[in-house]
Structures are given as C-alpha cells and as structure tokens.
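Paired with chain B in one complex and with chain C in the other, chain A is shared by the two complexes that follow.
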Partner chain A sequence: MSGVPQAELARVLREHAGQLAASLVPLIGDFGTAEDLVQDAVVAALERWPLDGIPERPDAWLFTVARRRGLDVLRREGNYRRKLAQLQWPVPAEPDHRLQLVFTCCHPALSRPAQVALTLRIVCGLTTAQIARAFLVPETTIAQRITRAKRKIAAAGIPYRVPADDELAPRLAEVLTVIYLVFNEGYLSTADQAHSKDLSDDAEWLASLLHTLMPAEPEVGGLLALIRLHRARAAARFDSDGGLVPLEAQDRSLWDQDAVDAAIHILTRAARHHRPGPYQLQAAIVACHAEARRWEDTDWPQIRVLYDLLLLLSPSPVIRLNRAIATRYTSGPQAALAELDELAGSLEAYPIFHATKAELLRDLGRTGEAATADQRALSLTQNPAQQALLGQRLDLFT
Partner chain B sequence: MAQYAILIFANASHDHAALSPEDRAAHDRHGEAVEKFGGTMLTAFALQPAATATSIRGDVVTDGPFIDAKEVVAGFYVIEAPDLDAAMEIARRNPATQQGGGVEVRPVDSGFVGVPPTAG
Partner chain C sequence: MKYVLMFVETEEFAERFRTMSPAERGQAFARVDRWLAEYADKIGNGAKLASPETATTVRLDGAEPIITDGPFVEGKEIVSGFLEIEVADLDEALRMVRDWPGCPIVEIRPPEAMER
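For the complex of A and B:
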C-alpha cells in the first residue's frame, strides 16, 4: 500500500469523475452509458490508486479506462466507428458541463432518493457501495435506484441541459434541496462518523462547485455559507465521549473563526443581490450564533427578525418553534410560551416542542407542568439513538 | 422528438358532457399550449364517464373502472415533444390540473393509429 489517504482519493475523484461524465454524455449521446463508463473508471481507480499511487494526470487515467470500456460497449452496439472517432484524449476543453450533469441528476421527474444517489455517483464520483454505506441501505437498493433513474432519463427523455431562465428558480431549488439533504445526512448521522464525514465533504464540494458555476445565484452562496458555518463549528459539537454538546455549553475557542469569517463573506456577497431566500436567511441565523464570542453575546433580536423573514418565505411550525426559542431571550419565557401554545396542535408529536415547553415552564417556576412536558418529550424518544439525533436536529437550527 | 401520452385524471364522477362551457372551452384551447411549447398533438380523446366502463381481469368481468379509486382516467392524448421538460410544460397547462384533477405524463413505447372506414 502506498498509503494514499481515503480523503485524498475522494477529493481527486470528485474533482475529475464528474468532469469526465459531463464531457462523455454529449460525446456518446447517452447519459446512462456515459455514467456507467465513468463509474467503471472510478471503481478501477479505487482498486489501483491505493497500490500504485494517484497518477500524475488522474483525468487522463480515468479517461483511458472509461474509453477502453467504452470501446467494448460501442463495438457491441455496432455503431462504434463514428462514435469512436469522437472519443479522443484530450477531451476538448469546453466550458464546464457539470452544471448540465447536476440539473439532469436533480430533475424533478426523479424521486428524491434517486436524485441524491445519482448526484453522488455521477457528480461526486462515489461508488454505489460508498453511497449504500453512507445511507445505511443495502448496495442493491442504491444500484436499483440508479438503474431505474437512468432508465427513466433515457425513456422519458429527461434533457441534458441547464433549465431556461423562466424555469431556473424551481429547478435550482430542487438541486439545493438535494445538496442540503446530503449535508444533513453527513452532519446529523451518528451511525458511522467516518462515512458521514465524507458526505459533509461531498455536500460542501457540490455547493462550492455550484457557487463557482452560478456566481449570480444568491441562494447558492447562501447554502454554501450555511454549510461552511456549520462545519466551522463542528469541532465543538461533541465531547470526548462522543456526546453532543449543546450550543450554550460549547467551547467557542474550538470554532474555526477564519472559516466563520470566510463563510460570512460569501453570505454578505450573496445578500448584495437583494434576493433573499431560505438558505441565505438560515445562514444569517447561524452566522449570528457563530459571531457571538460568548453565549451571552448572542444577538437574539436579530435572530428573531431573521426567523420572521424566514417564516414569510417558507412558513412551517418547526421554524415558528425556533422563533419562539428566540423570543424566550428577547421577550422572556411568558411571551415564548404564548407563541409555543399556538403550535400545540401541529407539533404535538414533536419531542423538541415538549422539551422547549418544559424549559419555558421551568423558567416560570411551573415545575410540575415542566416535568409533565419533559416526560412527554421523553416518551416520544425512547430510543437513545433517536434521542441523540433529535438533539442534533435541534443543534442544526441554532 | 419523443412521444408522450398524457393521461387526464378526474374525480370518478366526472362527466365530460357535463362540463361548463368555460371549462370545455379551456380544454379545447389546450391545443394552443401544445404548439406554443414546441409540441405536436397527435391524437386526443375525452372518455365517457367511468360508470360506463367494463373491466376484465383474467376471466372475471366487472362493472366499472379497472381500479376502484377516487380518481379515474377521464381522457388522454398523445403529443410529440422535444423532451420531458417540454412535455411537462405542456401537461402542466392542461385545464384538468386546475379543475380538481391532474395529469400523468407517460413516455410512449410504441403505437399505431388506425383510420376508421368511412361510413356509406
């Protein structure tokens, strides 16, 4: 073993696999075939590179393997002569086609799990096995998802292009949802720290790729800033036993202040477009927390205003719950409890609702009722793993 | 160009003959949307109410639509369109989507359209 670190392998593959897929799709004229060739090359690289080291030109190496395999496929199809002539290294240096790739993978006609699996495999160069491990599902499930999705792309004529201006906004929202989902999976997952970390890397990389390719889209900048603000504080989230540390108790000296500043810079530039969106607002809320040197310095009035804006754009009971938590610090527990009570109907089965209520009641000296609410929260989360996860979900909102 | 069947779903009690003149006019105008978004209408049918259907599964014949559901196929048409995005642009403008029902876009595998013998 030459000892090439996993992270380095993943980084190099991310950098080149999607590029290769993006240039092969138009050359071969068939999304599914092109994707198969790249996946074969990725699998080969994961076998060879740990032994031989990463080649000097990883892109040429991957291309050669994909081409060799492609010749077999095309020969079988009988029309190889014409297509063969087009498969020459170097692939013509064209503008980055990966945007088409991303939009095809995240097409709304595909199911969300298929969008996620396709994006990770094609754009990030993950193998089916790696995706399966990250999501704790059998490899055959992921393989099936990908096969079905590729079949649908071909049979239903899902186009390989960036959507036109008038359809761009909803389609971009779809892509951002997929990236954020990948991030959450990596960030929240307690199952396997090693693999979950990979997914956070992939999500950050995807957001940053999109940010490079679509610099004028403020929500892309918002999502990138949001992911980076979370990750900049990751070191303080767990104690030495692996337990989750609530924001209030985190050692803020462990936060990567340079990374926080850089993320806020991205967010500020996005905000200059004056097109606010849910990701910019969530990033702004997280930025308020990240900028506070001490818990006592948290700018709660600002956070509450941001939640109000967020509610205008995407109203949801969970966001109202988070606003109520901010209200606790701006206007006291009585006002917060009043906001919370309005949510009793919709959040009855949501343990964090009851846990928050318990804290407010305790602030008000209503200890009996607080204990009842605590028990309710606990009864909704008996499973310790779920408890940990719920704690983390709460953590993600702060 | 690819071919797509667009299946129109409506409430099980839907009766095309009972549509208001405005709703009917909206359906009649849908052909313009097909053209506008780069498609071609190949064939289109509105069906009699689901109550008039007869279903056959294996050897068993039953009265009514094949699947007992709140919503049933009320009609369908086949278009030719450049890709799924164009077909979806067309389908989302089908008036059924605004009249309490909806549509399903289904790529066509193969087909045949016959010409009925002229009467007399």
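For the complex of A and C:
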C-alpha cells in the first residue's frame, strides 16, 4: 500500500474536485454532465493515488482525467464538442464558482437528504460509496438520490447562482443547516469510525470554505467556530474502551487549547457584525464550556443568558430543556425541575427529558420518582447505540 | 423557461372565502388582479377551474372505463386552476409564487417538452 495518508488524499481530492466541478458547470452548461466528469476523475484518483502517490499537481491531474472522460461523452453526444474544446485548466482569473455550486446543491426545491448527498458528492468530492457508508444506507439509495436530484436541477430549472440579496438570508440558512447536519452525522455517529469517512472533517471543510467565500456573514463564522470548538475537544470524548465520557468527567488537558482559542477568535470577529444568530449563540455556549479549565469553573450564568437569547431567536422545547440544565447550576435543582415540568407535554417522548428529570429528582432526594424517570428514559432508548448517541447529544447541548 | 403553476385550494380556504362579505371578496379578487397585472408579461394560458362538484373523472386502468362524479382525488386539497408562466428559472418562479395572494398551495412544475 501507499504512503499517502487517507486524510491527505481526502483533503486534496476535496479541494480540487469541488473546485473543478464548480468551474466546469458554467462551461459545460449542464450540472449533471460536469459532475459526472469530475466524479469519474475522483474515482480514478482514489484508485491511482494510493498506489502512485499524490501527483505534483493534483488539480491538473484531475482535469486531464475529467477531460478525457469528457471526450468519451463527446463521441456519443456531439453537442459537447465545442464546449469541451474551450476548456482550460486552471481557469484563468475566474471567480470561485464553488459558492454557486453550494447554493445549487442546497436549493430548497431539493429534499434535505438530496441536498446533503449532492453537497458531499459534488462540493466535497466524496464518492457515493463513501457517502453511503457514512450514513449507513445502501449505495444504490445514495446513487438514486443524487441522480434524481441532478435530474430535478436540470428539468425544473434550478439556477446555478448565488441568490440575490433579498433571498440570501433564508438560502444561506439552508446551506448552514446542511453543513451542520453533516457535522452532526459525523460527530454523533456511532458507525464504525475506522471504516467510514469522518464527515465532521468534511463539515468543517465546508464551513471554512464558506467562511472564506462569505467573510461578511457572521452566522457562517458562528458555524465554523461551533464545529471547531467541538472538534477541539474530541480527544477527551471517549475512554479507552470507546465509551462516551460525560463533559464533567472529561480530562480537559486533552482539549486542544490552541484550537479552542482560534475558534473563539473566529467567533469574536463574527460577533463584531452585531448580527447574532443561532450558530453564533450555540458556539458561544460551547465556548463557555471550552474556556473552563475545570468543570467547577463553568460560567453557568453566562450559559443561561445565552440560552435565553437563543430561545428568542429560535424557540424550541429542546433548547428550553438545555436552559433548564443550566438553571440547575445557577439556581438549583428545584428551579430547574419547575422549568422542566413545563415541557412535559412537548418532550414526553424525548429520552433526555426523562434522564434530566431523573438527575434533578435525585438531587432533591426523590429517589423513587427518579428511578421511574430513569426507566422511562431507558424505555425510550432500547438500543445501546442510540443511548450512546443521546448521551453525546446531551453533551453537545449542555 | 416554461412552468405550469397549479393552484390548490384547501377546505379552510374555501370556507373562509364562502364566509367573506361581498366587499372582502371584492378585495380578494382585486389582490389577485393586481398580481396578474404585475406579472402580465410572464403569464401565458391558464384558467380558474369551476368548483369540484362540476368535475367528472374517468378511470381507464380497469377492464372498462369507469366514470365517476367528482375530482380524481377525494381530498381536502383540490386543484382550482392553472397558469403557464415563462420566466428565467425556478428562482424567478418561486419569487412570483411567493407573492401569490390567492389559494394557500401552489405547485410549480415544468411541462415536459421544454427547450433545452
């Protein structure tokens, strides 16, 4: 086998495949064809590079292969002849087309699963096999999803462009949701990490790409900071047996303090725009945890204020649950329990609700009721993988 | 690019419309007229359909054609009209539809034979 580390291979492919696809679309004029050309080049690279090493100019290598594949297409469909002849790499002084590409892949006329699969395949350059493994679904499902989405883009006239200013906010929110979903899929995944691609890596890359291309959008900075703050502490999340370690028991010396500081720097710069949003606020909450040298140093009053702000922007029972957890440390279990009880109706089927309630009841010495709540939580999560997942979610949002 | 807009009414919408005063109904029609005027250069053929009670449905997938009274789906949501539009792309169609002041659901679909 080769000496090329998988991560390096993934990074190089992602960097160049996405860029190549993005620059091919306006020239080829057809989203699907451009993507197919690049995808074939990526598959070829995945086969060749581990054996031959990463070429000196990976972009030129990919372009040559994509172009050769284009010539095959040309033999079948004459109308690409003229366009392929115009192709050059690198595209001289072209603006970065990847932003258009991201907005097309995350168009609201596509279903969420299609947006996710398309973005990973076309912008990040993942293969359908990699996407399928990461989401634990059959490869044919992902392939169909992508084919159907590409067909819709062409047939329904989904444009290839960055939305106009008056539409940008909801469309950007759509893109950020997709990136955050990819991140959570990777970060919370209980899939076999050794054999599946780390999607949180792709999510961080996407967020940082977007941050580079849209530096004036504070929520993009917020999401990038949020992802980096989580990843900076990843080393402490699992014990040697692969079990999850709750936040309060984590060895904080394992946290990457430089990465934490760098992420907080991004967040601070985003905050200077004075346009707060859910991602900046969530990042700020995670920053409060990341900055505490010990569990006892956690700034719970600040965290609770941030949850208040978050609730103003995006009210949801789950965020209220997380605020109640902060209340436990600012005002004690009785106050937290009162806040929790207001959520009984909406979160009845949510195991973390019952698990949290159990903890509060135990704090108050109401052990019998606590056991009942624990049982309820357990009955809602029979499988261990899901339990682990839920534990992690608790960890994420507290 | 051509699209067909299919306008869909819900029971609630029909009920609200029935209970409107003549003046309110006039205003509702005026809003729709303003929308039609605003996008006049993009709008082609179309029709407001008569009420679903006037519909007749023929099913041809059995041994014999079956003719029934009423629309093809017996549901709370009923196609009440359609309109052809000619716009640059889906985003422009979406912009138009977002301003639509009439029924609460609009489906946007391109006709199959379109220029490529």
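Keep in mind that, in the parts below, the second predicted complex is superposed on the first by the 390 of 398 C-alpha atoms of A that agree within 3 Å, B and C clash if a C-alpha of one lies under 4 Å from a C-alpha of the other, contacts with A are read in each partner's own complex, and residues count from 1 in each chain.
As a convention for this text, contacts are C-beta pairs under 8 Å (C-beta built on N, C-alpha and C of every residue); 3 or more make two chains touch, one makes a residue touch a chain.
As the structure is a prediction and not an experimental result, all values here were calculated from the model.
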With the two structures overlaid on chain A, would chain B and chain C clash, or do they fit side by side? clash
Does the superposition put A:32 against chain B (first), chain C (second), both, or neither? neither
Identify the overlap between the chain B-contacting and the chain C-contacting residues of chain A. 107, 109, 155-159, 163, 167
Under the stated contact criterion, what part of chain A meets chain B in this complex? 107, 109, 155-159, 163, 167
Which bits of chain B are touching chain A when the two form their complex? 2, 4, 81-85, 87-89, 105, 107, 109
In their shared complex, chain C is touched by residues of chain A numbered 107, 109, 155-159, 161, 163, 167
Would you mind writing out the residues of chain C in touch with chain A in their complex? 1, 3, 88-91, 93-95, 108-110, 114
